[in-house]
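Below are two complexes that have chain A in common, paired first with chain B and then with chain C.
Take a look at the complex of A and B:
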């Protein structure tokens, strides 16, 4: 392959791993020419994705999402709060994304990853967007007694293994954790505080009217799903690994909801510019990906119900 | 998170109604019935797996009952620039908890002392001379805290070090015992730890029969300490066998 010139001339004389490290762009472009990626995927294909609901026993809702090696653990804990005067019949959701030092060699304790607050904000914007039709969660569903008590849902997402496409995996784990969330049965005690009613002492608590009759699931509308693509020259690579992300630095993240409406489109700068046609192609790839992911989520939910 | 917590009203976690948790006083003389139905000298079933985190040099996941821990090992890699020259390697340990690790959100224990305890427990088992001028980082994340956290972290970290191919004299296994009244309970869960009169933890290298760390806190009589130490050492050697078989399995299984 001397035709490509430059450092490629060395490719036949050098060990594969050394070539990959020394000339990463050439290494990847040689693959792209053949329409394949170093891990054997086609350019537009995402990695194998798995979901497990209920991974954290102590949480009210939780999920473990894996896209390739990227692993996210999301858990929701419900606490009680007094609603604000402006919105007396609404609960609240606080979303936090964490990158502990275990997840990547680039994160050191005491020096939090720069990426974590960025993803945290993106997730909040995507999940908490409020609209008449488009909102994923109606905050009014989190109300217990108007003006007195409402649920505060703390969603914490931990990146356990960072291997690219962190936002996609984090959003998937968050959506899955909300699908798994169960609101417990509670009632007021004598001090006016909310207390849990467990199955075994419900008989003794009969005299107190429970606020909600049984465990309920949160109603979710229009779940958001995302796909991150790399734009490199004329190529579009879906669901990049961290190696690909470190070499080719122009990303485009598309979020669509379950009815394929566009929720957000994010191209945070980068050296490459995007043509309208490539943006459209990214959206097409995301549509396919949303179908795939919806199926995976459905399967995880039905697996959960069987158990 | 800080920005959010100031903007949102104070919240509390709803507790179970009508159940005041108090240590029953009669227990001092009678037998303690363990919440998970184990015998007093029975450890929780241990699940260990290496290679949990792909981006690390080595990693391990440990699950002992409800205690779930991931440890990643990075390096040996360049020491911080501020570090002086050293002809032996450095070990750097850090332990953190997820916000949902404890039943009530954000009540994780102080992790600075856990990090330093982990460092001291592992230091003696690592051949630091084998990686001069560099640092090995051992980072632990407690996903769920269900009691005996530090022994589980130490055991898991030792397995992760072996997975990373760091030279060790031997792997270390760690087990703790709680003393409640006249009962000695091995591998206590959180509830038992909260009622304990005393606790004893031993970290040792089973095949060399050497102890790298031992802590005793609370009220103990000399015969009790002997009994508890024997219990811990026996459990450590059994745990060591499980760790070994976990590593063998990983080595003989299909390579990714």
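Take a look at the complex of A and C:
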């Protein structure tokens, strides 16, 4: 810390942007002393979140989620497949998270981002947690004919703008896409294969018996929502931007479901230690965030239904 | 109402742990760690000159390569790599050798539950063997939550798959300071109270999570003593590895 005299002397003469680039930790700590962050937010407040359902018209379910500048586009496409022998009355969900070069100057084409497979796996673990207590989606709902046909759902999430808190935005867009998902009506063909019944040939409906009666919405219980917090010395910053994440590298992601049970608490190391009191505070911040986001999701769903 | 465990283990009983250093001749540092049947081999090469592209050149860079026992490298290996890298970033003194890269290669020999703690111990022992400067050692433990709310430590693979929830926590090992007591405290809470890494799987109430942390912290103390004894008791290698 011998150079502390340096930034303090120069700060009166230097331009703000230059100071921000040259002494980033000092710049942020000056703000934290006043309990505020460079973009004017309070320490525990998340950025503005918006949700738009049905962003991809050709997909069966889709959503565009924006938390501040971080933008995620999630789309679900359904395909009929034969279920496996071990689980003849369960469908399947494949989750993939992509970080194309558009999202950040650090991601170049041909070199997949290091963060992408990690977030992809964390999303799979959170959404598909099966076990004694069933997760968000019951795979048995995706079954059409036991042993012969079931739905395979491909959930693809594209990061369009990576500005911190990627997992939060990705989880929100995935949950919203599942809320928006409409399973199309299908019936058996003459060959015994499943075909889609489109809305046009209502005449054909009388001959073919639909296998699933009307366009079903998937039944979702205990939706998970998350919040990433940064731990820096004694401060806890909720919902970091990418600048904050790159400077203060210790972060903690808490995922709670709508009954405030802990779905996942992920602190993958990092230069700082997390004390029990900090973890408690992060969980409290996440609880508030869950209530906020639930409201936003409800509003987005009701907007869709009005249309 | 205690759960029956294989081999008659108690709920708080850990499997026998073994840790050997200097098992590979060409690596700058190497170690093999086993928790019961789970076995992991770790090798350290470094410090080597230069850092990777997007890393900070004012600090040392740590690179982890995780090799599974079978199969291709997929997303879970990448996740383990990231977790191990960030855990080791916490324990290493990164400013001692700036602009260098230290590579740690972890090879899973057998996975019978508690894989990540075993890998963390093997990586720490390999770093000690290579002489990389560390702040403290990391000691990790896995806890499982049964349906009845009981917490069992160090589960085997079968137990992990049947459990409602699963928590893996890494703590810093206690610092034996040469300076007197007061300096070990940082801002009111001593360093030993913190958690380096924490991962959970499965839904659980928040209070159960904190109970797992407390039980894990209590079980860490004998574990860290065993590990330290194992690391000390082996004679240092006299040959130079630079060639």
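Note that the second predicted complex is superposed on the first by the 296 of 307 C-alpha atoms of A that agree within 3 Å, B and C clash if a C-alpha of one lies under 4 Å from a C-alpha of the other, contacts with A are read in each partner's own complex, and residues count from 1 in each chain.
FYI, contacts are C-beta pairs under 8 Å (C-beta built on N, C-alpha and C of every residue); 3 or more make two chains touch, one makes a residue touch a chain.
Worth saying up front: this structure is predicted, and the values here are computed from it rather than measured.
*Asks:* Record, for the superposition on chain A, whether partners chain B and chain C clash or fit.
*Replies:* Fit: chain B and chain C sit side by side once superposed on chain A.
*Asks:* In the overlaid three-chain picture, which partner chain does A:147 touch, first (chain B) or second (chain C), both, or neither?
*Replies:* neither
*Asks:* Based on the superposed arrangement, let me know which partner A:121 touches: chain B (first), chain C (second), both, or neither?
*Replies:* A:121 sits against chain C, while chain B stays out of touch.
*Asks:* In the overlaid three-chain picture, which partner chain does A:260 touch, first (chain B) or second (chain C), both, or neither?
*Replies:* Touch partner of A:260: chain C, not chain B.
*Asks:* Check whether A:57 is in contact with chain B, with chain C, with both or with neither, and answer first, second, both or neither.
*Replies:* first
*Asks:* Using C-alpha centres only, what angle sits at chain A with arms pointing to chain B and chain C? Round to the nearest 10 degrees.
*Replies:* Nearest-10 rounding gives 120 degrees.
*Asks:* Using the touch definition from the top, say if A:270 reaches chain B (first), chain C (second), both or neither.
*Replies:* Touch partner of A:270: chain C, not chain B.
*Asks:* Which value, in Å, gives the least CA distance between chain B and chain C in the superposed three-chain arrangement?
*Replies:* 7 Å.
*Asks:* Once the two structures are superposed, pull the chain A residues common to the chain B and chain C interfaces.
*Replies:* none
*Asks:* Can you check the complex and tell me which residues of chain A touch chain B?
*Replies:* Of all residues in chain A, those touching chain B are 56-59, 62, 69, 71, 73, 75, 77-84, 92, 94, 96, 98, 100-105, 108-109, 152, 154, 156, 158, 160-163, 184, 186-187, 189, 193-198, 201, 204-205, 242.
*Asks:* With touch defined as at the start, can you tell me which chain C residues reach chain A in the complex?
*Replies:* 54, 74-76, 78-79, 82-90, 147, 164, 170, 172, 187, 189, 191, 193-206, 208-210, 213
*Asks:* What does chain B use to touch chain A in their complex?
*Replies:* 1, 4-5, 8-19, 52-57, 59, 66, 70-72, 74, 77, 94, 96, 98-103, 105, 137, 139-141, 143-144
*Asks:* Name, in rising order, each residue of chain A that touches chain C in their complex.
*Replies:* Its residues touching chain C are 106, 114-115, 117-118, 120-122, 124-125, 129, 131-133, 135, 222, 233-234, 249, 257, 260-277, 279-280, 283.
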